[in-house]
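Contents: one structure, followed by commentary.
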Amino acid sequence: MTTILKTTHLNKFYRLGGLVKRVRINALDDVNLTVQSDKPVIISLVGESGSGKTTLAKVILRLIKPTSGSAVIYDQVVAGEGAIPSRKTFLNTLQPIFQNPFEAFSAYRTVDSYLQKTANRIGHKTNLETSDALGEALNSVGLKHADVKGKYPNQFSGGELQRVSIARALIPKPKIIIADEPVSMVDASLRMNIINLFLSLKEVYKTSFLYITHDLATAYYVSDYIAVMYRGTIVEFGNARAILSQPQHPYTQLLLDSIAGTNRKWERKTYKASDMEAKEFQFSGCRFRNRCPLAKDLCKEQRPPAVLQNDGREVYCHFVDQT
Amino acid sequence: MKLNLRLKIGITILAIFILGSLILPFFNHVDPTKQGIFFKNLRPSLQHLLGTNSQGQDIFWFLIYSIRNSLFLGISVSIFTTLIATLVGLSAGYIGGWYDRLIMILTDSVISIPSFPILIVLGALVRGNTSFTVVGIILVIFGWAWGARTIRSMALSIREREFINTAIFSGSNRLEVIFNEIFPYVYAYIVVGFINSILFVINTEAALAVIGLSKVEIPTLGSIIFWALSYNAFFTGQYLWVVAPVLATVLLFLGLFLTSTGYNQMFALRRGHS
Amino acid sequence: MIRLNNIVATYSTVRGQVNAVDGVDLAIPNGNIVGIAGESGCGKSTLLKIIYGDIIYPLALSRGHIDYGIESNKGEITTKDIQQYWFKRISYIPQSSMSSLNPVVRIRQQFLDFLEPRQNKKAILEEIRDYVKGLDLPPEALDAYPHQLSGGMRQRIMVAMGTFFKPDIILADEPTTALDVVVQKGILLLLMDIQEQMKNTILFVSHDMGVHYQISHKMLIMYAAKVVEFGDSDSVFKASLHPYTKMLIEALPTIGDAHQREGVSGRPPSLWDNLVGCRFAARCPFATELCKTEEPAFIEHQPGHFAACHHVDKVRQA
Amino acid sequence: MNLIQYILTRVGSYLVILFVGITVTFFLPRLMPSDPIEGYINQIQTQAGQTMDPAAITKLRQSLRELYGLEGNLVSQYFNYLKKVFFEFDFGPSLSGFPKPVSEYILQALPWTAGLLGVSIIFSWLIGNLIGLLAGFFHNTRWATGLEVVGVILYPIPYYILALVLILLFAYVWPIFPLSTTIRPGPMSIGKIRLIVYNSFLPALTLVLAGFGWNVLGMKALSFANKEEGYVQFARLKGVPSRTIMFQYVAKNSFLPQITALALSIGGIFNGALLTEILFSYPGLGLRMRTAIGNGDFNMLYGTVTISIIAVATAALIIDLLYPFFDPRIRYQ
């Protein structure tokens, strides 16, 4: 079994405020996730803004350093404590795609220059080799090399540019692609094309994906595993379809109840919105307790541990049997 | 590339000044600083386009040499200030951390501390044995900070943009990121900053010269006024001695300013379309 | 009833003129939430601007006119004088509350500053406080500066601003796009409650079909500067008449349904081109030669359900 | 960033700038090859017209060195200097006005510079920004373009040119103002205030005009950009009257960066003021510096320069500390 993703006591603290009043924000608080598989998988990381999902992605991408703990991707420690692989191995193991495709390329450079750079780095030195590598990667996302060559970002539509972005990430044949909200800037009509691309790349290229999103419906559609996050903590983690069909953590239930789906109409009741985001980050107990219908004193005092359920999911709730 | 009105006017003025002060001295064979070569206080004529002054110097030729020297000083000092500003600004903005904080303290100090009093002290100390090079070096010391500050804040905001990460994950190293990704975005400002620096240098030297604290033996746009004031040009009615350099300065500065803002406008527009 | 009579809205650009809304002709019955959907650049925001009467260069209403069906003391309101009734009879809820509120002025002042200077500010402020309280919002929010409120609270304040005068028409341009789902639901329910009480007509632009499914009574689908389908929400979602609508709805993944979904491949035609025939033809699985040459008319196929397609029957059966 | 943090940051950078500035003024002359004391002794010798007794010269040199804090090693000199400047406001005696202390001259000159600068900065800032606001808000009208052109032409003209032009026009060609400032000491009276205003008019006008273009162009660009902000567009769509939009929305937001810009540029304005004082023989710090150079009075020179740095840094700090009053985003966290 390959350890595709494993985080061990991963923490990221920020200190806000100046010399006088310092506030510690635990943007990631003791995140423990383990995904082991022989086959490539798509793991979704879902949550609202401020849940820590993007922070987690950035730690894995080494764009920010964790305060403590470690993250392992495909049996290699990529962040935190442990033997960090060389930059070359790191770049060959994982590649990112970003939320806004128009921001992912400099307006002053042709988009294929990034693809070329990537190809050159992995050892394609001659023009012919580079061109072949680019052609192959672009074909696999449904584009032709000739349509991309010499063009600047503003000459593409958002959907096309996001494909180019994926093609670039594919060139080093990474084991996993970290995709941070990759379709939120793409038109709804084109969104599924990108999502389907993930599924086909998983089959054809054997690439795993870490899909960071706030969109539960696409997460349900595409992923094998899902981790639901709230204010820097994991609240529920396990098989994606099982969790989204039968959520057990009160927060996952709230999320699912709030999404605007097309299968059933809303009941006309609202939930308490959070108006104290910064404070919730400092809660020592359960961070959802303020909004939780089940909250008791215990939730204030103790951080709920991961409770393993029969179907293999982990629910971080003291009262999971009551939900 | 479509030139806007500001840029057109600015470049025209600059071209006239630069070409004029470079080419015209070839047609003159008399050192304009030498006194008593011509009759004193002549009115403007074909021989002496702006007349002569009370020291028997030809005002026109004195002015041409002044413009040439001021431009030379401005451009050569600005090459150094722009180079320093670019290197310091880009590195501080990209590297960040304590290095950036140190650089910021330095730039903020140079900007906030009034340069003129310190220049006056320096001028007083080296008076008499100063040289044009020393004046230039002092101006470099005071001239780089504004540009560095601006470039640093631009680099800082560009560093946060997503395409920097694309470049990093494509395998670019730090230098490649700075020059391929960040530099294109600050390039236009560097040109603008260069022109603004020329303005600053000519202005500061002239200001020092007007009160006699630069190397006034060398004709510049400031020293010509210094001599005119020293010889009481106003009292003796030699208005041209002052008015000519004043007009030349105003025109030259307007030309520099219009070029820099015009270029900025053009670039902003082009950025909007591309 | 708002009647849009053959509206053509044109932008003047460096490249020349382009019709962002090209011949929209329909009648919107009063008292409905009308969802407007379509991909970016389809003209939905421009249509909203035209209806609001916010027509300034480079935008121009180059053909057609709007009957608002609103009487004022000077007769029926038209696009010419509708600006005078902004927020009193027709109001607007913008997308981003953060950028739409003045950061250095208190909320209550921003509530007041669209009133006539001679009106009694104190009394009106009391009214505003009561109104805000009635919407279940904390009235202290009025005394805050925008940055002191959460995104959700700010957007509720925007809803309160847009509904305070009980306007006949409310235009909302993606008012919840930037918000988290829990907050979004709260705001949408608030808007629905207000609409049920006041019975205003709300034109609600969103790219999120799920949001439309939840709140819209009627749906208006735009594609490449044209309206391609208009009808009751239920029938548009369950029995779409236009292939674009059908594909848009079928592309939506649903929780509990793992069926393979397909996006609508290709991209809409450039409005700069000389467009002949049906604008969706190039992406349409039902397209025939007829579609490439002849533009389908916008026809009422069932009572209250309009569509512009030559092959409505095939679409219905598919 | 909360208020306390903001204040602490600003005060911190104020102290750093003071430290750097004072240190530079201390070390600069000591790093120069020329020795001011020798210069002064030479001067006395030339004035006396004969060679003085070498023993007397050595004694004079010794006492001068003590007097001016040049005894001991560089470090102890430095700390002595800092102590004298900050705790005793003592810059030693003036060389040319011996034994009157430099601080007394400075206290005489300071109000003139402060008054001239204060009045002209307020005028040029207020008027310039108001005009810039109008030019930016009504950017597509012809008169706004006209105002901008005035700004463009005034902006690059240096202080000394403006001063010379004003002198030429209003003291020579049409002599309605004095060529240089002459005010006799004496008690304050209405007549004296009138005289001060009359004498200060041209120098102040120079400073106002010089700052004017800068303010107009800065404010024009800011308010023009501000008009495109979402809150201005939304206010327009609310039907807010355009006067309210201009003052409550565009002006309130555009003034904020102009306050910061003023704090940053106060050093440059101060430079211009010194030069203007010299050209108008206006009895402020600038003129003091110029005469100190003429007299070789280095104590006076360092004293005035040190005070200049402290004054400018303090003025910038005050402006920065006023900023939170206008920006609720800092006032209320």
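Brief remarks follow.
Labels for the chains are A, B, C and D, by order of writing; each one numbers its residues from 1.
The rule is short, and it goes like this: a contact is a pair of C-beta atoms (placed from the backbone, for glycine too) under 8 Å apart; a residue touches a chain by one contact, two chains touch by 3 or more.
Bear in mind that the values here come from a model prediction, so they are computed numbers and not experimental data.
The set of chains touching chain B and also touching chain C is given as A, D.
By number of C-beta pairs in contact, B-D leads when C-D and B-D are compared.
Taking each chain's centre as the mean of its C-alpha atoms, chain C lies 56 Å from chain D. Chain B and chain D have CA centres that are 22 Å apart. A separation of 52 Å divides the Cα centre of chain A from that of chain B.
Averaged C-alpha coordinates put the centre of chain A at 32 Å from the centre of chain C. Interface residues of chain A facing chain B in the complex, by the touch rule stated above, are 61, 63, 91, 95-96, 98-100, 103-109, 114-115, 117-118, 120-122, 152, 154, 165, 168-169. Chain C makes touch with chain A in their complex at residues 39-40, 150, 152-153, 180-186, 188-190, 192, 207-211, 213-214, 237, 247-249, 251-258, 260-265, 267.
Contacts from chain D toward chain C in the complex involve residues 229-231, 233-235, 237-241, 244, 248-249, 252-253, 256, 326-329, 332. Residues 13, 16-17, 20-21, 24-25, 28-29, 32, 34, 36, 152-153, 155-161, 164-165, 167-168, 172, 264, 266-268, 270-271, 274-275, 278-279, 289-290, 292-293, 298, 301-302, 304-305, 308-309, 312-313, 316 of chain D touch chain B in their complex. The touching residues of chain B, counted against chain D in their complex, run 6, 105-106, 108-109, 111-118, 120-127, 199, 203, 206-207, 210-211, 213, 222, 225, 234, 239, 242-243, 246, 249-250, 253-254, 256-258, 261.
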